[in-house]
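Input: structures, listed below.
Here chain A shows up in two complexes: once beside chain B, once beside chain C.
Up next, the complex of A and B:
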């Protein structure tokens, strides 16, 4: 039977996009479907740490070794997504000396370059560290932008012929006896670039092999074909600070615990995190106390955090998994290793494998192993090249950076644009048209917004993750509408309005957990601004019923009004 | 006993506690990103910026300050060159409803720009360095004041100044006094009043010393009239022109001397008084924002504007009640300098002059004069400077007065340049009312 595609990948997170790129580069025909945007699940809800492996150097040395290997690979192939910040494992006076020593030795055993800094040396690196920091271990942690990395993988997969279908939710696995041969998806908004035109239509996509890379949602997918995959989703809260208090990843050097890491991320710093098992990855409580407690605890390392402004908080769900019968109680003890479940071996159902567990830093290695497995199943003999081929935007970055001009932009705007676009900067920013800054917080220009729209259509959240527009301190209060404006005239007024609402709504969601101090002032200003200039507190254009203009009177006649004024004197 | 309790000086492990820590980084390396937390982007600063109002190319204080800082990573030093278009009037500081440290951000960014991005061989750098360090050149001018005044007044000199240095030829250089204030002070025998209970240390700044010293003399007579013992400590430039030109290291050296000398005066029981509104602004706000010498905070907390101090510590209005200035002065068109406005002093002169019979000060509004110290002297800024000043010129001409009044030396130059009026300092009016022409004999 002719199939629509050779391999169908479910899930547009880092794993799914990594697999799609890997297989497409090996010459296979690949289709990827994702329920929302790329990164919408767990990938877009991580703290942005590129692990050196230091965090696992005591508890899980196999993972630590994989981390440092992949850390080095990603610096090479994804230079424009990675910032080489370095990291510190910081010891407070009350933290154990023995553990500090174990950590140091563990790093060395795993091949992670590690160096001890005195308290004052550590404060020289990061002046906002607490005065009573005892010592620190310096490791090559980094910061990575998961959005850019995931999108770059998807773009490269597309460049190699893959079909990337976002806003296409899997509603059924197609199973014929003991063979899974595809899925049925419901298009939220039509195939191809999002156009909203065929919202609600469904499509059957058949494939020779299906890879379930839906992470925390893998159990739900499996259930569609009566397969049991016992993922144990575990939620963690992360809080985004308005500015970078630190430029180095700051870890607390203690065995394990909540709230022990600060990661510099683009223009912000992200605080993380907690670890608590939840039943449903789509529905779990988001509690304010989780945020408060995290800020309190991390202030012990970086006291300025206590007074600092947060711009939003978000929760992510880890796709933890352990083989049946392991029975670990505490989710922090569940392994971070990944598992490839071949349902043919496991359940006697052919045509699909599921991938669960794992972590962002090693996404490429995971993708490579799964792709090897898929190739073996399909009898394809092709080698993986993803460790050597740079992602789009990361080609020859070092040489390019030296020669790049400012594209007529103010220098910090040009600098940030280059950091985001990498080797694509010239292609995107060289324009004859006026190129004003659309998002002032993040320094994003119209040319970059237009480039993202060309990639993703009317979905402004997809534009957001590509550009960082609306991710700064005003959280879109000042830039959502000019972003939406760029959709016109290609898209009509109604669609532009819908796209604007959707983006602004998404921005508001995360801000709800940051409404005190300056961010509350910001939210009030945003509200006032949108209400008074765009009527967005009660917009007649969003009314579903038509306005009955006949119900209004004509006002008083000219003459009456004049009399009325006189009478009032 | 642990190792840590034994001081060692071999630098080996175990002596962490004794390692010196640089608590306060060099100003050029100050991390002001956390200051961006206060900004919610309302843009009030932009609407109050006099440069942005007349120059569409200038991105305004919100960009220069919180936005630019927020976009920085630790190792980024490429400050946008537009920071040199900021005139350092500091109106954004008072405009901001949310306490964003705008001028601190601008001063630090400007210093970083000059340090990292401006060629030390460029004409602009040397011109700015010269303007910023006017005080170092002024003694030369004062040594041969007549020759200097003659040469500086030559049109050939002005032409050369513009072509060689980029100093506008449109303006006339201020004249150097034939006798500086400090020379006069020494000749006079220093303080004429001794009073351990009422002591002030006078920060005269450069202009009142080297250029017309009448303002400084007026301060001495007015304060002695109220029975104050005046100290005139050694002093350097306040730093204002250096901040404005990004010469933060020059400013640091000057500030170090000033803080040391003025802190000593404080120990002698004196309060610090300045007659120039930019000098008092600098000591009060910019020093504690940018420097951390011992005593900086004390000096800032005990510095006063000359008129403000008398209003608080004396009953100045009552003393002026019923006085007159004879024929010496008539009504004034009064301009409150931005740096006085930032100190909350913009209303005081009009109120004080009301007490004097026969003269009034007519406030010409809250616009900026546009010269902002050395800013309007630069060839490339002259036009912007005059555009900003246009509103003030117009209001001065509309006011019912034929002379100008202000407390800032460079505003006074701009006022004279734009209207041709003679410009007086408020202290000179107070002197005429309280001491009168009789005092002219003093110190002669």
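Up next, the complex of A and C:
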């Protein structure tokens, strides 16, 4: 029977998009479906650390070695998504000297460049480090933008013929006896780009092979075909500061613990994290103490965090997994390695494999191994090229940095736009049309917003993850509305209104966890702007009752009176 | 040199300025000190009194009818209906021809830059021809370089909101603006001074050029609305000029910050303060206060460029604003009033400060000082914190100005009453 596609990938996170790109580049026909936006699951909810491997150099040297290898690959193929910040493992007086030594030796054994800095040398690198930091190990940690990296993989997959469907939730696995041959999805607003205020459809997509890359949600997918996949989702909190208190990744040099990393990320710094098993990856408590712990504990490393402004917090869910019978109690101790579960071998059900575990930094390597497996299953002989071919935006990145023009933009806006877009900058920013800044906090212009809209339809959260618009200090208070304006006239008023409401509510979701001090003042200002100035909270267009306009002051009596006075002069 | 006045007003927004003017009216010698830039630059310039009840009913045609039913502790309940009416009459006197709406108790509906409509009791004369409760067909004009106002979208939104007229929007290039990120003051300045601009047809003036562009877009509409950038110091002349050239009424749609109608209101108030002889010092924070033996405020200390200067007065009015103006501040574990440490009721757990719906019934929006009917801040035992201190405007708690559309009205009414009482008491 003819299938719709050769390979169907479930999940639009880094793993799924990495697999889609890999297989598409090998010449396979690929379709990827994602329940929400790309990165909506775990990928978009991480701290943005590009591991050097230093973190695993004592506990898990195999992972550490993979990390440093992939770290170097990503700097090459995704230069426009990576910031080479460097990282420090800092030792406080109460932290063990023996562990410090083990960490240093571990790094060297794994091929991770590592150098010891004295406390004062470390403070020269990062002036806000606590005075009592004893010493530090310098490693090549970096910062990576998981949104743009994931999207770049999806774009490249599309460039190689893949079909990418977001807002397409899998509602059933199609199984015939012991064979899985596809899925049924529900398109939020029909196939193709998302369009608000448009009714949904369902579609059956059949495939030669299905790859379940839904991470923490893999168990839910498996259950649709009576397969048991015992993922152990583990949540972690991340708190975003409004500025970069540090320009280097700061890790605490101790065996394990919560709240032990600060990652500089674009204009912000991200504090992380915790590790706590949850039953349902879509429904778990997000609590005050977790945010407080980030600030209080990490202030031991960087004291100014205590008084600094946070703009939001978010939680992510790790897709941890360990083979049945391992029985690790503490989720911190569960391996970060990934597992490829071929359901034919494991459950006697052909046509699908699931991927669980793993970590962001090594997503490409995982995708390569899984793609190898899929090719073997399908009898395809094609080599992986993802480590050598740059992602869209990172072609000739080194020569791009020098000598690029400013596209008529103020230099900070031009610089930041170029960093985000990489080699796509000319294509996106060169325009004869006026190109005003839409998001002041992040320096995002109309041309970049329009480019993102062309990729993703009315979904302003998809625009956000591509551009960073609405991710700065005001958390969208000032720019959500002008962002939505850019949807018009391509999309009609009702669609724009719904898209704006959705983005504004999403921004509020994370901001709730930062409501004190400056950010509470910001929240009140945002509320006043949208409710007082625009009356968006009681918008008659969105209410069911109609307004009796004729009952209100129409200003005419006053005008007639004034005209009368003027006429009489 | 000792600084000594009858009344010292702390805060320079709508509430503070009104309080100072009301105190002068009682014959008091008044000084006003303010620290931060006033939040009027964020404000639309509309004087709303009450657009919706606290339960969300509305838009209210008659805000005064609803005032009687407000809950105890609401600032309007504290000053009473007469206080609100007197304050509006006082404002009408100050504003003169600059504001309309005083001829009726009914609210007007004003189009917002997002395309919704908003109920308000008074409106700048620049918005008067644009009321959505006026049924004349409307052309909205937006500018390519002003992304906050998408005129065709706003027009479509007005129609979706049920506005009783046909609305059409067009987007044009603003003559003479060469930078894509020019500030709104640049647009206003070009029109204020009717500067020479280059167009395809050669050199002309900004107003002529704009009128030419708009004329070519105009169909049967009898009024044309622009984002609120039609001049600053000479806004009336700019509007009249454009109206004459286009042969239709011209109006402004209020915008977000920086808001020219808000800044014009600020200018109007500061001119009135100057005329009234109020001594105004801006950019100076009050850093501490001292009480006398009877527990009254003896003086406050103002930091003027690093020099600490005691300011003595008989009566004090606190009008430092709410969370936005920083008259109410917060930390992870508390909400407080930073100058006199007046009591600010709030839940102990900061996760009870908000609800999950962004436009839900937000507790944080009600943060502020509880006051008695004399507008004196109350301590947790419901006793006045300091007998010669009154509070006015957004520093007050117990109301959600954003949901009710009551911010300006509360500032006016409480500013007026606080200033009047302070002025009277200082004279005794």
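Some points to look at:
Operating definition for what follows: the second predicted complex is superposed on the first by the 541 of 569 C-alpha atoms of A that agree within 3 Å, B and C clash if a C-alpha of one lies under 4 Å from a C-alpha of the other, contacts with A are read in each partner's own complex, and residues count from 1 in each chain.
Throughout what follows, a contact is a pair of C-beta atoms (placed from the backbone, for glycine too) under 8 Å apart; a residue touches a chain by one contact, two chains touch by 3 or more.
Small disclaimer: the values here were computed from a predicted structure and weren't measured.
In the superposition on chain A, A:2 makes contact with neither chain B nor chain C.
Of the two partner chains placed by superposition, A:383 touches none, neither chain B nor chain C. Once the two complexes are overlaid on the shared chain, A:279 sits clear of chain B and of chain C alike.
Looking at the shared chain after the overlay, A:537 reaches chain C, while chain B stays out of its contact range.
When chain B and chain C are set side by side, the one touching more residues of chain A is C.
Applying the stated contact rule after C-alpha superposition, one finds that A:120 touches chain B and leaves chain C untouched.
Within chain A, the residues touched by chain B in the first complex and by chain C in the second are 410, 413, 478, 521, 525. Touching chain B in their complex are the following residues of chain A: 83, 118-120, 123-124, 127-128, 134-135, 242-245, 247, 264, 267, 304, 308-309, 410-413, 415-416, 440-443, 472-474, 477-478, 518, 521-522, 525.
On chain B, the positions that touch chain A within their shared complex are 13, 16, 19, 21-22, 25, 31, 33-34, 36-42, 59, 62-63, 67-76, 78-82, 98.
By the touch criterion stated above, chain C contacts chain A in their complex at residues 42-44, 48, 51-52, 56, 58-59, 61, 100-104, 106-109, 112-119, 123, 128-129, 131-135, 144-150, 152-153, 156-157, 160-164, 173, 180-181, 254-257, 259, 322-324, 326, 329-332, 349-351, 353-354, 356-359, 362, 364-365, 401-403, 405, 407. If you check the complex, the residues on chain A that touch chain C are 287-288, 292, 295, 408-410, 413, 433-438, 445-446, 478, 481-482, 485-486, 488-489, 492-494, 496-497, 504-505, 508-509, 512, 515-517, 520-521, 523-525, 527-541, 546-559, 561.
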